[in-house]
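Next come two complexes built around chain A: one with chain B, the other with chain C.
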Partner chain A sequence: MTLHRLSLRLRQAVTQARHLHSSRRGQQLEAVAVEPELPKELSFFRTRESDPACHAEVHMGQYYTLSPVHLRTVFPHGLPSRFQLQMKTFNETCVMVRQPALELISHLKKADYSKPAVRYMFYGANGCGKTISLCHALHYCYTQGWLVLHIPDAHLWVKNCKELLPSTFSPSRFDQPIEASHWLRNFKITNEPLLSKLKTTQRYVWTKRESTEEGRTLAELVEQGVARVRTSSDVVGALLKELRLQAGQPMEGRQEGFRLAVAVDGVNALWGRTSLKKEDKSVVAPEELTLIHNLRKMMKNDWCGGAVISSLSQTGSLFKPKDVYLPQELLGEDGFDDMDPFVPVPVSNYSEKESESCYLYYMDRNWLQHPHSRTEEGKKELLFLSNRNPNVLERLCASL
Partner chain B sequence: MAAFMTNLLKPWSPRLTLVRWTRYNPYYLEPETSRDAYNKPETELTPEEINERDLKTVRPIKAAVSGVSSSGFNDQLMNKFVNMMMQEGKKILAREIMTETLESIKRKQVEKYHKAGPAAKMEIECNPYAIFHQALENCKPVIGLASIQKGGKFYQVPIPLSDNRRRFLAMKWMITECRDHKHRRTHMCEKLSQELLAAFSSEGNVIKRKHELHKMAEANRAYAHYRWW
Partner chain C sequence: MSASTMCTTALSFTRTNGLCLGNYALRLLNRTATYSTALSTNNGKGFPNRGIRGPRRPKRESGAPRTEKMPENQDWTAVYPSAAPFKPSAVPLPVRMGYPVNRGVPAEKKGNLELMKIPNFLHLTPAAIQKHCDALKPFCTEWPAGLDSDAAREEHFPIQVESKEFVSAGSSLRNPKTRVVTLRVKLSSLNLDEHARKKMVKLVGDRYCEETDTLTIVTENCPLRQQNYDYAMYLLTVLYHESWKTEVWEAEKTRADMEEYHWDDSRSQKNVLDTLRRMRVTSEGEEDPGAVREELLGQPEVQEYRESVTRLKNEGETEETMLQYREAVKKLLNV
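Presenting the complex of A and B:
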């Protein structure tokens, strides 16, 4: 907090010095008084602080704007579809700063990265904001220069697969070339600079004619996976293994190594059931899928120099009843044993301040059009009908 | 007392009543669904309203329809349109289509609003309810045709239409246009939102149909004297 105030004062000094130096336009500037930087809050529900590292308790309940540059690199595929519609309509990307994300960011700031990776898990009822909190934490990791490994929805890998090929590496497993290559393409967009500095530590043979030698950059490895779709699932496995080995190790040009943030939304898909069938109509178990198998290895805390941020999700899950949200129920016994010990972070419905902020934001963006919704009574009705659940409130306000 | 009166008024009532029959005895009164009517203090009521209130304490009241609510978001025209869109009694589906239509209209308009300059912002109408009402107003025909028989032949005679009939025709044309004349694979909410936005700015096939009806009426004005009412 004091650092924040100090930087504010320094910025004031800098702007004053700049005004003193540009004496050619001195007369005009004298008319415009040397005003100090406006306070970081634009209004009750917005804040100008767009750096997640500087978000604090003061900003709770306020919306911060993501810059389009960050958006394109960090979230080529990460944001939920309804949120993307909202981004397109409002012509801006605003995320609310909430307590679970702030808690996670404070944990990430204080953690010791020479110890094994800590696993964090967002849990809560449907539509409470787990995915958005995950994206907020991920934005923080990106601004701190970490390598971001984001699987936007693990449930998409266990259902509706058009092509299921037998794996080239192991005969009992199945490959998903389309999903793997699509993910690799988005991964490359997020992490281009870091990937060109890291090197492979062993030789990988893909087919009789193709192989990647030791010492090639990881960017080339990813290119190989994107270009040769057949072996892309194995490329994903190799990539995860390399990153696991090299996170936290000192690299060329830096004393400490890079930090790895593994973010998985819908972690319970890794240990649930799939809806995929083999040719003889028998059900495919999740461990028989290469992507899931490799991701499970990533979820173990046997590597150092990073963190695993995950969130549960009932909405995309298969064969789970609608009202379960606790980690034990969604992960199942195997999942819970594998993920244990983890740091659970509960996400709940909006508090009064947050729902007030959300209502004001919708009013500001000209989203609430019905005359009754703009009255006090209408607002009370909306908050009552939605029970302050963010998702339900958004759907209600959409048609009003 | 109420039971005695119902016995006198009814000519005949069947022993078994059907469950979804809405034919009430005229003795039953309509329910009052808006909250404002009940929040009015005693002093503001006119003598007729006081009489009505006293009558309601003694007469039986019809059951409220499930499509109507006492919330401020309730819209009569919207309910009528949803009922007309409903097929096979699937009210939930019809209502969902309606909410999705309103959402898509609002999204298109708000997107335009946010991308427009400050001068253009005042012109853009973002309220989907206002657009819906205005679009249906624009689609209502002023004059209609009736088939009247005279001397063995049937003539199309221009006649004035009642308000209900005009509203019905506008809604019916809108729904049939979206169901029949659009691409098969688009969702109904998409089709409806496109057609409503076009009707709002007086373009599109429904407005064309209304104009054609007007032209036919104008062409047949020679037969207007065949109308006897």
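Presenting the complex of A and C:
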């Protein structure tokens, strides 16, 4: 009952605040009287702290807002599609601060970057919030000035590929020009400033007439890949190699080198099966794809100066039953041996506090239109039906 | 009129000629003479005294069913001494059986075909069994006193041989299923070392049950039970001796053939050693690789990691084993 009243007051406060911003008529006295209350009331499920580096246990269960600038640079392609719809509807990007992401951020803060890269892996049941936790950690890396290498969903590279060209570099492999160039474009948007400072260490020959000399900036390399779509997969390979060599090395203008964050969502795609077929109808193995081959090299911990953050995903995976979520089941023997030793980070359903704050957030955004859903009973029903699973709760509320 | 005249003429004919036609022929003649006239209708059930002309035997009234005359302490084995169909008048139970029609109740037992069709064990009540046992007792010997526990039986008689006997009345006494012989033995009672045990399990395949540690050999290849028994004993002997031998090609056993996961010389061990070596090299200079390896392997974190990985692979993956692995890796990598 108290929560209901609280949410009513919240709604009042928020609508009044919006009213204040939208129209600049009188009633300013009233607004002034309301304003000091705003921070106190909002902080129940929101936090003003939008810098992930400062997030702490105090902020657990609260939503923090991502600024649009950061959004456009860090996540041109990173967020899940349903979350993007929600962003568009609510006109803001709010991510909940949760324990797995906080744990990972604390590890990243304490880690020694002269040692080989540590691999972290989010695992958990479907719809628990692995991708969002990954994005939260990535936001932290970006705000700390790291170079962010984000593959939003590795499963997209092993299925539904329209064009499979035989690789120019190695005859037994296959290129995926469209996916590679699309990814390079987004990568450029994220990391423009850093890329213009880094230089290549060797000469790359693409065709008889085109080559990239030693000492050119990586931004040029990426441009080459975006422009010449045929060789984009090899450009990706070269880029990854360069980054691996140079992460952690001191570079011009700085004492220590830049740090590299490799974030792969759906990492189990690298060792699973593909649904792609060659011309003679035989199945393509993942290692025969250039992109996958190069990415696997990136996942090893033979380089220093960064971290590998990954998350498993059953949702997009091929030929895996619906209820598997543990790392070994999804990665397979090969995958586990390749990734070993890694730090698994479990992600679970919302806790009581988190589910409360999710409900209040939806109420605040006027998302729950059904009259019964606004009552205490309705809330209990929603939480019971969804079993506090974030994805299911979101889908349930969307239809109300 | 004509009938009676025909009758008398037939009779006179027989008498005068001295021929004895016999009762059957007479009845036949009567029947042929009487079919066209409507004489008597069949009021009784079934066909009692079908076709009898003349005085019928008077119908006897059926008495009270036997159930009403049964004292409570009667001897049931006298009512059902052997297997017999269900007799509603002899079974004093108010049994009902059948599908309830028109929202009614199941049909009563009187005249219930369903109850008569199914097999019943009314002839095998505990009292009847007791009588059977008492009758068989003079032919039995005492159970050996030392074999009163399962463990004692296992120890002295590790091999159990099972075969079935079939008794039925038919045109032939033989039943082809009697030739099947099942031999059960626990591998723990056989003298096998590690290698022999693993080889035995691989040789027999599905016939070995891991939970009960029992090897089951079923033989039905030969036509006689005696032959099948000999064959089963022969198989057991051969398996035992073969599993003790080590062939030359067994040295080619790969990781994929192993029954359990061994951490030594595995990918996991290599990865860990590589990682740790790189973590050290960044802080120190070159050292003798063999000694470094030994030292790294001896660390308690590495031991803990090794245990967690072995547990994960052998016992399967659960939340618990995953969490143990997580703790071990965190300690190992100083995270």
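As a convention for this text, the second predicted complex is superposed on the first by the 359 of 400 C-alpha atoms of A that agree within 3 Å, B and C clash if a C-alpha of one lies under 4 Å from a C-alpha of the other, contacts with A are read in each partner's own complex, and residues count from 1 in each chain.
What we mean here is this: a residue touches a chain if its C-beta (ideal position, glycine included) is under 8 Å from a C-beta of that chain, and two chains touch if they have at least 3 such contacts.
Quick caveat, the model's predicted, so the values are computed rather than measured.
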Which holds for A:L400: it touches chain B only (first), chain C only (second), both, or neither? first
Would you sort A:C304 into first (chain B), second (chain C), both or neither based on which partner it touches? second
Chain C versus chain B, contacts on chain A by residue: C
Chain B versus chain C as contact partner of A:D323, first or second or both or neither: neither
Looking at A:E279, would you say it contacts chain B, chain C, both, or neither? Reply first, second, both or neither. neither
Who does A:F90 touch here: chain B (first), chain C (second), both, or neither? first
Output check: A:E376 vs chain B and chain C. Expected answer is one of first, second, both, neither. What do you get? neither
Under the contact rule defined above, give the chain A residues that sit at the interface with chain B and also at the interface with chain C. none
Quick check on the complex: what are the chain C residues that touch chain A? 266-268, 271-272, 274-275, 278-279, 282, 305, 309, 312, 317-319, 322-323, 325-326, 329-330, 332-335
Under the stated contact criterion, what part of chain A meets chain B in this complex? 85, 88-91, 365-367, 369-370, 372-373, 375, 377-378, 381, 398-400
Would you mind writing out the residues of chain B in touch with chain A in their complex? 71-73, 99-100, 102-103, 106-107, 110-111, 113-115, 126-130
Using the touch rule from the top, collect the residues of chain A that touch chain C in their complex. 107, 110-112, 114-116, 118, 123, 301-302, 304, 326-329, 337-338, 340-346
